[in-house]
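Listed below are the structures to be examined.
Next come two complexes built around chain A: one with chain B, the other with chain C.
Coming up: the complex of A and B.
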C-alpha cells in the first residue's frame, strides 16, 4: 500500500491542478445539497451569516495551516483569543480602542512566539507545548476577568471590525480575504513558505540542506499567532466583551478545517484553496445543524467524525477499496 | 533496571517531596493529618486517568480523549446506576473500553496518527455526552448517599473506592512487568520493528494499549460520578492535560517504551499536592490552572532534556569533551 502516491512532497509537486478542483467540487456539492434540502439555507441573509462565521474561522485557520504544514499542531488559539479579549477590554480605558486591539494582538503573537520557542529550540512536542499554553492562557484569562465576562463600553469604533461594512461588504469577510491572500503569498511566493514546506516534509533533509530549522519553526508559530490575533480582534469586537471562555472549540474547528481541506496533519503539503474550502465546509455544516434545529451537540459529533474521515480519505482516496479489503480479510492489506 | 530509567522513575517522588517542603513552609495547615488524608483521597481520579494515558504513551501513542471518555462513561454509568442500582456504575469501564477500542482501531488498523484519531474522538465524544444528557445537565444519582460514602468514608485509612483504584494500579503494574501483553506493549514503544520480529501483531498491540487506556479512563469516570453523587457530562475537560503531565512526570517516556504504574501514581499525586497546596495558600483556582499549564510545559521540557541526556551518554566516552 502506498500512502503517498504523489512522489516527493515538496510544494512544487503539490498537484495544484489536480487536487483543488476535487475539494472545490466537494464544497460546491455540499452547498448545492444544503441549498436544496435545508430550509432557509440558500437565502441571502443566511449565506452572509455563514460567510461571516467562516471569515473568523478562516483567518485563524490560516495560522493553523502554517503550523500543520510544519508538521505541528496548535491547541492554544482559543485560549489565547480569550485572554486577548479580556486584556483588550481591560486596557480599553487606558489605551483607546486601537491601542487595546494592538495590545491584545501583540499578546497573541507573543504567545505564538513562546510556543515556537518551546517547539523549535527545546524540541518539546507541539501537542504538549500548545496544550500547556492553552491551560496557562485560559487560566490567566479567567483570573484577570474574575471568572466572568466583562462588558466593553459600546462604541462604533469597537464594533467596526465585526459589524462594519466597506462598500457594502462586511469587514470580517474583507479581512478574511486579505488573510487568505497573505497566506497564499507566504506559502506560494516566499522563501519563508518554501522553508516551511521543506521542514514539514522532512526536517532532517531541510537541516542537511542548510536551512535553519529552529528559525523556520519559530517564525511559523509566530506568524500563526498573527493570524490568530486578527481573528481574536474580530471575535472580541463581535461579542463586545472580554470573555474568558471566548472560543473553546476554535482549535478543534481550525484543525478540522485543515484536515477536511486535505492538508495532511503529517505536514509538508497544503495550499490556500484547501484551507478556504475546509473552512467553508466546516462553517456550512455547523450552520446546517443550527438550521435543522438539532442540538448543538451534533456540531461536535459531526466535527469529530469529519476530522477522522477526512484524514482517512485524503491519505488515500482508495480508502474505500481498503475498507472493503478490511471487511473481507479483517486485516489491513 | 538501568540507572537512566531509575532516575526517570525517581522524579515524581522527588517532586512530591520538594512540593511538600515548599507548601509546608508557606501554607498553614498543609502538614496536618487531615490534609494528608484529603490528598490521599482526592488524587485517585487523576491516578486512574494517568495510568490509562501511560499505556497509550508506552506504545508510542497519545490519547487526548481520556477526559471526554471519563465524562461520557461517568454520565452513562450514572444513568445505569439509576436504573439498576449502584452496580450500574460498572457500566463506566465498559463504556471506556468501547471508546478505547474505537481509538485503538483507528490507530492500529487504519493507521491514523494517534493525535488525529483521539482528537476526533475527543470532540465527538464530548458531543455524545452532551447529547445523552440533554445538553450537559448533570445526572444526579438516586442513591447518592451510598455512592459518596463509598468514595469518601475511609475504611482502613482509605475510602473503599480508593482501595479499588489502588488495586487497579497494582494490576496495571503487574501487567507491565510480568504479563506478555504488557512487555509486548513496552517493546512496541521501544522498538516497533522488534515486535514484528517476535511474531506479534503491532496493530493488535496498539488496540490493546488504547483499550487499557479507555478502560482506566472509564474507571476514572465511575469514580468521578461516585464522588460527585452525579454524572457530570461536561466534567473532565482539562483533566486529560493533567493526566498527560502526571504520566510524563511519572517517568513515562513520550517516545514510548518506558512506563511504571507506581511512578505514574506518584506523578499524579505530585499534581494533586501542587493543586491542594495552592488551594491552601489561598491562590485563585484560575492561577492554579496556570500552574498546571506550567507543570505540563515543565514535564515536556523534562522529557526532552532526559532524552538528549541519554543520547549523549550513549556515545563512546572518547568524544566527550
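Coming up: the complex of A and C.
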C-alpha cells in the first residue's frame, strides 16, 4: 500500500494549513500598528505589562476554550475567581498561604464540576447553568466579605504567584506557558480532548459512536475550572485582598479571546495557537485603551464589538467584502 | 432575433444556464455546466454525489453565485443576489430537508414568504387570505385545517404543503431536490400527480433523484452531470437506456456484487423478548456472516427495531453478542462488544462535520489508538487511511473536514467508522445508501458484503427494496412495530412488496 494519494487538483488542503497563520498575521499586524501609532506601546516595560495581563487572561481562556469546543460557554469564571479570592484571604490565618491557595483553587474546580453536572447530567443549557453559578458565587462572595474588600496581610509568599520571577521571567508568564502547553496536549494529543471535539461537533453522533457524552462534558467543565483556578490564584495574589468584585469581565474577555482567535462558538473546532493569538489581541486592545488615556469603559465596548465582528467573520469571510462594498457604494452614491 | 423559424414547435425555454463554473477554494465544484429547462416539462438532473448537482441547484435558487457563465430566465439574463430574489422571480425550491416551521400553523407556513418579503412588524394582514390559502392547498390536492400546526402533518403532507406555498405565488420553475427520499409509495404518487398538474399549468420542473424508476415515469428530458460538467444535455428521456445514463454519470461500468453466501451456524446478534419503545416484544437473531434485511414501509417500525438491536434506542431487556450481552439502550457497551451502527439520519446522528475524515472514522475506536489517555495519532492514521482508500473516499483527503465531502463520501466515513472497530462482530445499518450516488452505493454494498464474509452479523433496515434484494440472505418483514413475516433470500421483490402490504399474511 502506497501513501494516501493526493487529490488531483493540487494542494487543496492549503486553506486548512493557512488558517492558523492567518490569525498570527492579524496579531502581528495589530502589534506593529500599535507600536507605530500608540505612544509608549512598544517600550519593553509596556510589553511586559501586556504579557502579564495576557498571562492571567490566557490561563483562564484555556478553560473557556475547552468549554467552547464542547459547544458550551462559561459565564461563572469571574464570579468564582472573586469568591475564591475572598475565601483565600479569609482562610489565610488558619491554613497558611499554600493551604489557602489550594482551598480557593479547589473551590473553583468544584464550581466547574457543578456546572458540568448541570449541563451533562441534567441537560441545563450551559448559558443558564453558568449564569446561575455566576450569581450564586457573586452573592456568596459579597455575603462572606460583607460587601467590602478584605486585605491580606503583606507577605512575599502570598505575592509570589503574581510578582515573583524565575530566571528573570515573571511567574504569571511561566504559568501561562505551562497552561498553554497543557491545553495543547489535552486538545491535540489526548483521547479526552478528541472526545471534547466530537461531542462539540455533534453530541448525538458522539453518543451513537459509543462515547460517554456526560462524562466528557463533565470532565471538560471540571478541567476548565482547573485553569480558572490557576488564574484566580494569580489574580488574588496580585490584588493581595479578597474582592467580591475581583474580575467581573473575565468571562467576557475570555469568550472574546476565543471568538477573536477563531473558535466557532458552535463548538467542535479550535487549537491552542488560536487561543494564544485571541488572548494577545484582547490584551493589546485593552492596553491600547489605557495608553491612549481613554475611559476604561471603552474596553467593554470594544470587546463587545470585537466578539460580534469575530463571529460574523467566522461565519462568512465574504462579510468583509460585503462591508467594504457597502461602504464604497455609500460613498459613490 | 435571428429570424430563423424553429424546425419543430418546442416549448419556450424557461431557464438557460450556459458554461457555469464555480470553485470553492481549490475544489472545482462546476467546470462547465449547461442546463436548459423548458416550460411545461419535467427535467431530470442526474449525476453522482460530488458531480456538482447541489452547486448547480444552489446557483439556480440564488444561494450561490457562479464564478463565470450565464443564467437566463425566460430569455432575460439574471444574477440573483439572494434566495429571496430568486423566489420573487418565480423559482420555487423544495428540499429533501423540509424548510417548514413545525410549531406554526398551516396558514402561517403558507404565509412565510409574504412575511419574509414584508416590512418589519407582524400583523394578521401579512397572512395570506384564508380563501386564497385554501385554493393553494386544493391545487396540490391537500385538504387541511388551516390552523393545524404543521408538526401534526405527515411527511408527505408537509412536502405538498411546501409546494403549495411555493406555487401559490408565481411559480415558473419548481426545483425538487430528491423529493421522494422520505416519502412512501402513495405519498410519492400524490406528489407526482401534483408535479404533472403544475407542468400542465406552464411551470418548468427540475427533478433531482437517484431513483431511475421515478425518473423514467416522471421526466420528459434528462441532463447528466459528471465531475462538474454536463455530459448529456437535455436529451429526451427515451433516447438513452439506464445503462447508458449510469455510464455517463460514472464514466465507467458499475460492478455488481451479490450476496455474501457466508452465513454460519452460530447466532451472533440475538434479542429475546426485548421490549422496543413501540411496545411489542422482539425476538430476533442474526447469525455470524449472515445479512438480514428488515423490510418495512415508512412508519412500520423497522428502523426502530434495527436501532434497538444496536443499543441506539431505548427499551427494556438485553441483547447478546456472541457470549456477551449488553442492556438495551447502552450504546457504549454495544460498541465495546463490537456492534457497529450506521444511523438513518447522517447529518443529525452520524457525522461530525467540523472534524477530519480520519477523526470521523476513528470515533468509535479511540481506545484502540490510545495508551494511558494519550492518542497515538500515527497509529490512528495508519489504521484509518487504508480503510478510506478501500472505500475510495473522494476526494482522497483524509485530513479534510467531513463537511467538505459529498453525501455519498460522508456515508463512506460512517462505514469506515464501522470497519475501524477492532472487534467488529455485528453491523446494524439504517438506510445505508439513502441519498447516495450509484458509485458510492456500489462501494458501500461491497464493503457490507466483505464484512459479512469475515463473519460479521449484518442487519440492514432499508426502505429501498432494490438494496435489500441485492444484499440479503433473509428478509424480515416489519408491520406495526413487529416482525410479521420471514422470507428467504430467494424471495422476489413482488413477494416482499406483498408481505409489506400485509397481503401474504392471509
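Quick notes
Criterion: the second predicted complex is superposed on the first by the 304 of 333 C-alpha atoms of A that agree within 3 Å, B and C clash if a C-alpha of one lies under 4 Å from a C-alpha of the other, contacts with A are read in each partner's own complex, and residues count from 1 in each chain.
Note that in this section a residue touches a chain if its C-beta (ideal position, glycine included) is under 8 Å from a C-beta of that chain, and two chains touch if they have at least 3 such contacts.
Please read all numbers here as calculations on a predicted model, not as lab measurements.
In the superposition on chain A, A:123 makes contact with chain B only, not with chain C.
By the document's definition of touching, of the two partners only chain C reaches A:205; chain B does not. Within the superposed three-chain model, A:298 lies in touch with chain B and out of touch with chain C [touch as defined at top]. By the touch criterion stated above, A:178 is placed in contact with neither chain B nor chain C. Put chain B and chain C next to each other and count what each touches on chain A; the higher total goes to B. In the superposition on chain A, A:194 contacts chain C only, with no contact to chain B. In the overlay built on the shared chain, the residue A:268 is in contact with chain C alone; chain B does not reach it. Contacts of A:132 after superposition on the shared chain: chain B is touched, whereas chain C is not. By the touch criterion stated above, A:147 is placed in contact with chain B alone, chain C being left untouched. The part of chain A that touches chain C in the complex is made up of residues 1, 4-16, 189-195, 197-198, 201-202, 204-212, 264, 268-269. Contact residues of chain C toward chain A in the complex are 25-28, 312, 331-332, 334-336, 341, 343, 348-355, 359, 363-364, 366-367, 369-370, 373-375, 377, 385-386, 388-389, 395-401, 417.
Put simply, chain A touches chain B in their complex at residues 3, 73, 118, 122-125, 127-129, 131-140, 142-143, 147, 249, 252, 255-256, 259, 265-266, 295-308, 311-312, 326, 332. Of all the residues in chain B, the ones that touch chain A in their complex are 62, 64, 106, 109-113, 115-117, 119-128, 130-131, 135, 203, 238, 241, 244-245, 248, 254, 284, 286-297, 299-301, 303-304, 308.
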